[in-house]
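Sending over a structure as structure tokens; questions will come in a sec.
When the chains are written out, they are named A, B and C in that same order, and each has its own residue count from 1.
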């Protein structure tokens, strides 16, 4: 049954206009660095800084770690909640909403109080451990999005039937999760991964106060009191993040996947 | 619900007795709760305790009392309004765009482009976003200027003002819509084509299909994501600070002023404000659960 | 001499000896440098590179003493800095700030909360008494006055005084550099406008400032957007009320695109002092002390001057002719600063109370 595609094209067209025009205006402003003519001066300045690459790579590495920990944490939880522990759902949902309303600065000051170098769990005692703490902080920030994405994905598949079918074939829970559930929520997990990646790349407060060389603090330092460079940075960050997600999308695709 | 023992009947004898399903589930969610405790609840503990203390550390309810001042009450209310407006708007528009991208029958390349773009745009917030909109629809923005130059039409003459409640809501949509699209797309995938075909065979129109089959299936996800959008906007500050600055009194700026600012510095009041925000989020979560329960009953 | 007078003199000199030999006195510089190098690093917070030339100062310090400098959160406000000290009390890692640079009112309050380590730099005596804590817990570092930063490409007639801002020429043009409930710079801006309107009556300045901005808003001249270099250049906030050093730094950064005029108003010239202090929980106290010695040396003070901030020892340096002529030439003329008012802590807190609580009613969207 074919339905008219005009509506779809219209929605996409309006969406494209709404999303692209502000970006174009930002881009236009970033070209104004040289008086009276358009030029790429702002971009030249931004890209010639060696810190750009270093901090972006650091944040990318942390983002991938965050996605991994996030998936490992959220998928089994959402699965068990859906399957066996329905009563706990409101509690878990409330917990996953908290990072949205608790300011990140409160969280990071809390971490410094609890996990500083003289406490039981001295996360800040070494660089590697601080990286770990930052990763956990990022997982916390990304929790609302990852959980909602995975939960929505799980709802759209029949978890119970799949589980029972797998059990009747003799599978134990690790196999069920890894080989049956995860492949079926792959698309949802990918959505969550994108959201997480974007959050980690742009995050500033936690990285700065934990003294880690991430992309967010670099953006802030570069663009704090400038006029044209922040716009150029915003465009570059946008494009680079989009490209990284495109890459993730390609790698996350199954062979022969039509969609 | 079949228990493990039922399944075990008739199974090959090599299959060992499994843990009772329920305790396994509890073990399965334990890591999440441990993580939440260590990295979310405990650090927030200072916030909760601090809200009930005064500057010297004595227990007091004065901070909570201050929450009911008219200026703070109105700050909460404005925040709720902006968040609700951008949540509902973002959910509705996001739904249509997600539908168009996933089910709308468009060329194959639209979907991955849409999804990856939404991934980036979902976090394009804060000062860059505020500035982007200023550069677009501000009084000296490019679009404003072009409209005046080529169409002799000044949008500000209609009473439109970017630096207002609705201007902020429209700006918030920039990250709300992509969030909706990203989370809803997998759910739309779950709408099996067979259902559409089956309902067509049974004589249902497109609208009836949506009302009786698709929407009921999607409804919990739609509600849950709208709630996420609401909380997302409720906690946002940088965009509002960068756009409407000191003119729109939202609760996050009040919070910012108490905890981080150079002027007022009443930490404990700030913590009480954050507690108030958590309570409001709790209420919206409860409202969502109630709505979902009601609709599930209606849909059965 | 009478016995009581003799005792007085003896105790007086005994006190002087004790004071100079106490922990607060400056150690020999070489010993300090060696101790600091042993610690290897310094952690600072809330120091943007374009604020008072801190970027150049930090680089110079690193080069001179070979220390690593951890720069936390350059975006932090004074409240953040205090909170960072408190949160890092047990932390010896690089997240704990060693030194802070905060607004004047935060010095005494931090001292009361026992967050600071007293220290008197070698040049202590040349810091004006009114700008430092007698026990050495905090000390003024630099000051500036509130000025108008004007985008000269868009604004044809540069305003000369606060009253000019109300004219119809400046519709949708005037902005503050922050929210008066949050940022010191913004609330001092309101105070300065009030001081001009009340013709120098400090007690009435808070209310007068609110009234001024109410009028500005009603006339349609006030833009609630936070004023920064980007909206200035873009045209959203062509006139910004901010510290002269920030305005002058912007003028340099923008390099004439757009042309920026920095005007110190004729009346209502308010100076804002910031203070330095060492954290009582600093993991690298010797590096912190060395940093202070550096900042308060002639070199460091002139470094601030190069960033357009008037260092606290400015009068001392000028009278001993230590300021290079070219640096002096880039500053606005000294006459503009002659009548600068330095509000006391009490005056500031009184005005703060008035402005921050009523700002909403004056400029809020509910007013429209």
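As a convention for this text, a contact is a pair of C-beta atoms (placed from the backbone, for glycine too) under 8 Å apart; a residue touches a chain by one contact, two chains touch by 3 or more.
Every value quoted in this text rests on a predicted model; they were computed, and no experiment measured them.
J.: Would you mind telling me which chain pair, A-C or A-B, is linked by more contacting C-beta pairs?
T.: A-B
J.: Where the centre means the average of the CA atoms, what chain is farthest from subunit A?
T.: Centroid comparison gives C as the farthest chain from subunit A.
J.: Taking each chain's centre as the mean position of its Cα atoms, how many Å separate subunit B from subunit C?
T.: 39
J.: Which whole number of Å gives the spacing of the CA centres of subunit A and subunit C?
T.: Centres of subunit A and subunit C (C-alpha means) sit 38 Å apart.
J.: I'd like the Å distance between the centres of subunit A and subunit B, where a centre is the mean of that chain's Cα atoms.
T.: From the centre of subunit A to the centre of subunit B is 15 Å.
J.: When you check subunit B against every other chain, which residues touch at least two of them?
T.: In subunit B, residues 131, 135, 256, 259-260 touch at least two other chains, as defined above.
J.: Among the residues of subunit A, which ones contact at least 2 other chains?
T.: Where subunit A meets two or more other chains at a single residue, that happens at 29, 105, 109-110, 113, 230-231.
J.: Could you list the positions in subunit C whose residues touch two or more of the other chains?
T.: 80, 83, 230, 234 - these are the residues of subunit C that touch more than one other chain.
J.: Quick one: in the complex, what on subunit B touches subunit A?
T.: Checking each residue of subunit B against subunit A gives 2, 7, 11-12, 15, 18, 21-22, 24-26, 28-29, 31-32, 35-36, 38-47, 93, 96-97, 99-101, 104-106, 108, 110-112, 114-124, 126-129, 131-133, 135-136, 141-143, 173-174, 177, 179, 182-187, 189-191, 196-197, 200, 206, 217, 220-221, 224-225, 227-228, 231-232, 234-235, 237, 252, 255-256, 259-260, 274, 277-278, 280-282, 285-286, 289.
J.: Can you tell me which positions in subunit A touch subunit C when the two form their complex?
T.: Those in contact with subunit C are residues 29, 32-35, 105, 109-110, 112-113, 116-119, 124-125, 130, 204-205, 208-211, 217, 220-221, 224-228, 230-231.
J.: Across the complex, what residues on subunit C touch subunit B?
T.: Counting only subunit C, the residues touching subunit B are 76-80, 82-83, 102-103, 106, 109, 154, 172, 176, 178-184, 186-187, 223-226, 230-231, 234-236, 352, 356-357, 359-360, 363-366.
J.: Hey, which residues of subunit B end up touching subunit C in the complex?
T.: 71, 74, 78, 131, 134-135, 138-140, 163-165, 241-249, 253-254, 256-257, 259-265, 267
J.: Can you list the subunit C residues touching subunit A in their complex?
T.: So the residues of subunit C in touch with subunit A come to 43, 48-51, 70-75, 80, 83-84, 86-96, 228-230, 232-234, 246, 249-250, 253-254, 256-258.
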